[in-house]
Amino acid sequence: MPTASLTEYLFFSGLLFAIGLSGVIIRRNIIVIFMCLELMLAAASLTLVAFSRANLVNGLPDYDGQMLVFFIITVAAAEVAVGLAIIVALYRARKTISTDDLTSLKN
Amino acid sequence: MPSILFYIFAILMITGGICVVALKNPVSSAMGMIGSFIALAALFIGLNAYFIGTLMILVYAGAIMVLFIFIIMLLDLKKESKKEFHVINVAAGVIIPLLLVMIICPVFISVDKDFEILDKKALTAAEASLPESEVPKDSLIRPKLREGEIPDVNLIGQKTFTVYNFPLQVVGVLLLVATIGCVTLSKKLHGDEAPADADDDGRMAKTIAKSKDIPKVATLNGPDTEHSENTEVGNAADSVEEIEEPTEESPTTEEEVVKPESVAESSKGKKAKQSELTLESDKKSKTVSAKSTTSADDTDLPEHATTDEKLGLIYTERPDDADDLTEIKGVGPVIVGKLNGFGVYTFKQISQWSPEVVSEFDGLLSFKGRIDRDDWLTQATELHANK
Amino acid sequence: MILWLLFLLPLVSAALIHFVLKQKLSNLASLIGTVSTLATLVIAIMWTNGSFSTPDSWSWISVGSFNASIGLADDQLAKGMMIVVCGIGFLVHVFSLAYMDKDGAKARYFGNLSLFMFSMTGIVLAENFVMMFIFWELVGLSSYLLIGHWYKKDTAADAAKKAFLSNRIGDFGFLIGILMTWMLAGSIVFSDMDGTAFIGSGSWMAGAAVLFVFCGAIGKSAQLPLHVWLPDAMEGPTPVSALIHAATMVAAGVYMMARFFGSVGLEARAQVPAIEVIAWIGAITSLVAALMATQQDDIKKILAYSTLSQLGYMVMAVGLLEPDAGMFHLYTHAWFKALLFLGSGAVIYACHHEQNIWKMGGLFKKMPITGFTFVIGTCALTAVPFTSGFFSKEGILHAAHGTPFYWIALGVAALTTFYMFRLIFVAFFGKAKDEHAEHAKEVEFRMFAPLVILAVMAIASPFLGKLIPANDFTPDTAFHWNEVTIASMIVFLIGFAAAFVIYRGRSSDPINIPLFRNKFYIDEFYAGLVKWFQDILAAIVHFLDEFIINGLLVGGLTRCAQGTGNLFRRNCQSGNLQHYALLSGVGILIAIYFTIFS
Amino acid sequence: MLTLALILIPLLAAAAIFVLGSAGARKIAIGAAVANIAIAVAAISTSCSGFTLNVLENPNMNLALDLHANGGISVILLILSVIVTLAAVLSGTCPKGHEGLWYGSIMMISAGAIGAFIAKDLFFFFAFHELALIPTFLMIGMLGRGERKEVAWKITIYLAFGSIILLAGILMIATQLGTFDMTELKPLALYQNEVALLLIIGFGTLVSLFPFHSWAAPAYASAPAPVSMLHAGVLKKFGIYGLIVVAYKVAPDGMAHWLPLLLILLLFNIIWVGLVTINQRRLDTMLGNSSVMHMGYIFLAIAALVDNGSSFAMQAAVLLMFAHGISIAMSFCLADRIESKTGTLEINQLGGLAKNTPSLAFLFGLVGMASIGLPGLANFAGEIMVFFSGFEDWSHADGFGPLQIATMIAIWGVVISAVYMLRAFRNIFQGETVRRTEEVTPLSFNEKIPAIILGLVLLVVGIYPNTILHFFN
């Protein structure tokens, strides 16, 4: 993919991140919000990989970036697991997962 | 990967993202999510990050999305039905990301860095320059490089277990904690009798077990959320402590002075104060009623008079033989009005007051010990005697 | 040193009576009061023939350039005035021994009387303005206490308050006058005031100072604008009216002016235009008071207005730069007015507190001594030849000769004769119009003895050379037959004839002039003035104070503080996840913008 | 060491009272007050060296708690606070069960006041005053009467506002002079106008100068008797003490620059608040407002001090402060007696009280006459000196300057105070007895003690003011 330069990668990851953010803001359903969150995480990891490929360390791609992506993925997995468990518990307690009804944090 | 492929996968990724946001049905948005992740993995592969690409597919597309779909199915969520669009929310949702993109683009444009092509020649040069300490002579990486292909997995392995060894262990522990977390969260759902202590989950389990039949959530579920509900309503009232205070023209019966330690939560309304009064004085009343009923002459009660445990013998309404209490020195018409309010009309009543009743009236009339100082009791008995 | 005794004896007796003797020892209290006044009288008499050395002054406060001291002035003015004060004080004490015998609060009465004697001696002996101001206010206090002696009576309490407040308004001007003279004349001590500097400061400034000082005299001697309190002061017991509101306190104003003019040397100097104003106020007061007196029915009110009118005479004399004539009239007036008041006291006492002259009548036969002394007093007041009033009033007429005040003075003399003999004919002659007057009988010795002594003084006072509180004013030097004396005799006859014709044998008042009877409606005007200017203004100011300062400034601040608090609370903590996400998005955006672009 | 004891005794007493609860609270408080008087007399007569404890020692700023009972003003105000504390402890009836709070906070307020007056260090001068505010808030809020909650909040926030501005001023001074020590205060090089303005507003709020006076009257009306006695009588003088000792020394030209503003405000203070006092329906709000009005005279003395550097304006201000402190404390003590006897302080609901309680009538008459400014009582000596200082070295050539005109208008305040005080005395004590005052029992002796003590002080200082003024030379 040498012909596609770094800016395209960054542009698309920025776009994906923006879409994830809009999803979080627009959607009412917590699970979809959670998905958009994962989307934003993925977008971030795309930039990391793009940069690790762009900056060569003694000739080879800079694998620190990729290590970070590796950790991001693991953490995301853990996060999703716990998140979904909470969502289920919340659903059982409130019988609803629409953000409009869950406003007990209101002052 | 020729730019055509790049664009295909990029566009696929973006449309997947848009599907996640735009589609109503959570399942279809999950599918969109998967598509997007796959395209993303392809892009990773394009960037020679084969290990990360495969990991992406395995973990994200595979594990996480499946979990999502599983949960969606478990909670059998219908399409978002009635929620009409909040125009402001949608508008905000669109404008903010757009602004974000507009701000980020100049940054990305300013980067304009091309990738070097890692062909065979570049790789052999790279292998030569690899320092001994990092990559020992006999490792598999060196021959692969010389052949012109990137041993991605080996390099990452080498990096992981040398530089990032400790973080790896930490992540392991993290995953362990996450699993235990999920287990405890989910175990409570249909577990056995939780310990009776007052923590939230325990109560919630009991109520959920009982509450199968109750449709709406608001009434009965966990007292703590209920509690948070009404404290939320309640705390608006707390900010202004309103203890009923009598209006200006009867300053003498100003409200009973609040004891210092109870000043913080003394904001309960009128009925609470009444209950507080009765509560606090019930142990006193037993002794009082015992004494006043066995008082001197009239064992049987005159008509429509009752023995109130706090106030001694009182009339429910004005008896015909009521005396003019202002004859007692130190009692003016204002005080008489109050005494009649409490049901005290005759000298006999005042003469029979026990010390507790006196201190009670002292508090009510808030005259600071005036009754003993002007000793109403002896005056009342004399006036009653020569009435 | 004895003079300190003269000064402090009444204070000691007042303190003794107030703090030590209470209700049960009231007789002892009255005795102490009387004895102390007698002692001061004796010392005063001995002092007049110069047998005591004046002690040096005791510095009350001396800080920086302000040093006020308590010291005793030693000149003929003070000596003569002391005789008046102590003499009449002693006689009033003797009279009130009997008059107040059955009164519940006798001890308090005598205590206040001694306090008055102390403060009056303070004014007379004051050697500087601050000391005079101190005792000026103490005299106001004691008159407040004495007028309000029967404080349970609402009218007495109001009259006392009114007296104190009008004195206070007078003191306001007096204090400003003192401050100005302090700077203009260089010092507040009378003896070393620098007259030339005072006059030199320009006639406008000196005039203003003189007028401000005169304000004090207006307040104390009840001149026109502030005269309303004197008739109401009759609420107090009659001996009090005799001592305070006839002889001594009201004369303090004239005494102060005389001393002030003497120390600043005004009488010799060129005319300061402001002094005309003083003369005019005196003249108008005497005229208006005389007119009001003609229509009053209460015996004490008539005498009160006549005092007002005579005070107007004295102030006019001072205003005409003849303070000696004024002082001489003050001296003689003190004796016969005290006589008249005590006489009226005896009459009231005999008629069981009946004060309306139309309910008396034929008292001359029933109370010969009181009647006879009362007639002598009236002759002195109306300037019957060879009585003390004749000499002193003639002195003033002589001073006013050739100026417009002369005619006013003559008119007032006629009116004085008219209303005094109206009183005599209605009250003492004709038949008793009320059963009280029917069996009124002569008062006991302790009451008529002072009357007799005062009657003697009413005749003989001009001839006691050394006692007259005027430097070089004895009847033989000043008196000479000319048209002024003849005119005053003619005017006396006119007044007498009018009174004789109109009021001889009448049982009700034929003339009824509401304007005079209601005292020119000045009281109602003042009441309205106070109600409008003070109470309404106070209410407005109170409302503004509450509304603007409390409501807007302070309240406003608190309300807008609470408002922003609520605003923040309601909008930003809405509990809606989206809202939080939105806000965080905006936050990120701003952060990026600033990091990149600024 | 004596000066340290002056502060320690009330604080220890307060601690003991809080610990022991309401057992012997009253006796401990009285004991502490009497001990304090004895120590004060000892400290003043031996004019001991005082006590210094260096709290903070660093090159550019050293902080030392040094207490000295020397220097005319602080000695006189020390005597004032010690006497008023004793009177405050003896007066007022403490509701059953609250003795701990009641006597404890009186002791704290008195410790704060004494500390503020004898501290010779700007920081502790300020800190002690703050110490006295907290118990005032507690007492008004919990044991006061009327709408005590709002009033308690109002007074605290208002005084906090004043204190913050004051703190700003003090810090500007301290930074410029490099030291907190009050003995080394000298005119500042720069920013004199700003510092002067800050101090005038800061101290003005604490002393209820005109625009910042709306906290005073309701607070004293709702406060229990000892608190209003201590606050109106003693704590309010802190502001003036500060103005004279700090502001005049530090920023004389600044003060001169703001003189017209000060003159206008003090005239408002006298005339505007005077008229408001006339319009009051209740005795305690009337007394509160009258104390605000009397501050106007003291400000006149300060204006005279600033304008023509008058030689005795400072002594006049201090004497009037002392006299006003005693008389306002005595009047609040008696007002509380009237309320406990008749149950109300509405002037038109009372009448003819003198018949049943002649001694209360005599004492209230005495303090009424004192606050009017009757000779023979302390206030007159102060007032006459204030008015004279207004006219000091005024030359008639240039006519009446602003200070002279202000003095003349201020003298009219004497009439206004006579009007409202006499009207109150007339309506409450004289005339026929009304429904409320019929069954009133006469004052018992120990109810009269505080008033008698203060009355005697008024008489002694009134007859011979040098008892107070000799501390100056």
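As written, the chain order gives the labels A, B, C and D, with residue 1 at the start of each chain.
FYI, a contact is a pair of C-beta atoms (placed from the backbone, for glycine too) under 8 Å apart; a residue touches a chain by one contact, two chains touch by 3 or more.
Computed from a predicted model, the values in this text were never measured in an experiment.
Participant: When you take the mean of every protein CA atom shown, which chain's own CA mean is nearest to it?
Facilitator: Centre-most chain by C-alpha means: D.
Participant: For chain C versus chain D, what separation do you get between their C-alpha means, in angstrom?
Facilitator: Chain C and chain D have C-alpha centres separated by 36 Å.
Participant: Taking each chain's centre as its mean C-alpha position, how far apart are chain B and chain D in Å?
Facilitator: Each chain reduced to its C-alpha mean, chain B and chain D end up 49 Å apart.
Participant: Can you work out the whole-Å distance between the CA centroids of chain A and chain B?
Facilitator: 28
Participant: Take the average of all CA coordinates in chain A, do the same for chain C, and state the distance between these two points in whole angstrom.
Facilitator: Centre-to-centre distance between chain A and chain C: 99 Å.
Participant: Send over the residues of chain C in touch with two or more other chains.
Facilitator: 578, 582, 585
Participant: By the touch rule stated above, which residues of chain D touch at least two different other chains?
Facilitator: none
Participant: What residues in chain A touch two or more of the other chains?
Facilitator: 21, 25-26, 28, 100, 104, 106
Participant: Okay, what are all the chain pairs that touch?
Facilitator: Listed by label, chains in contact pair as A-B, A-C, B-C, B-D, C-D.
Participant: Residue numbers of chain D touching chain C in their complex, please.
Facilitator: Touching chain C from chain D are residues 154, 157-158, 211, 213-215, 272-273, 275-276, 278-280, 310-312, 315-316, 352, 354-355, 369, 372, 374-376, 380-381, 384-385, 387-396, 399, 407-408, 411-412, 414-415, 418-419, 422-423, 426, 429-432, 464-466, 469, 472.
Participant: Mind listing the chain A positions that touch chain C in their complex?
Facilitator: Per the stated touch rule, the residues are 21, 24-26, 28, 30, 33, 99-100, 102-107.
Participant: Would you tell me which residues of chain B are touching chain A in their complex?
Facilitator: 1-3, 5-7, 10, 13-14, 17-18, 20-21, 26, 29-30, 33, 36-37, 40, 43-44, 46-49, 51-52, 55-56, 59-60, 63-64, 67-68, 71-72, 74-75, 77, 80, 83, 89-90, 92-94, 96-98, 100-101, 104-105, 107-109, 111-118, 122-123, 125-127, 129-131, 150, 155-156, 159-160, 163-164, 167, 171, 174-175, 177-179, 181-182, 185-186, 188-189, 204, 208, 217, 221-222, 225, 228-229, 232
Participant: Touching chain B in the complex: which residues of chain D?
Facilitator: Residues of chain D touching chain B: 93, 95-98, 100-101, 142-143, 145-147, 149, 340, 343-344, 435-436, 438-439, 441.
Participant: Note which residues of chain B are touching chain D in the complex, please.
Facilitator: Contact set of chain B toward chain D: 241, 245, 248, 251-252, 254, 257-260, 263, 326, 329-334, 367-369, 373-374.
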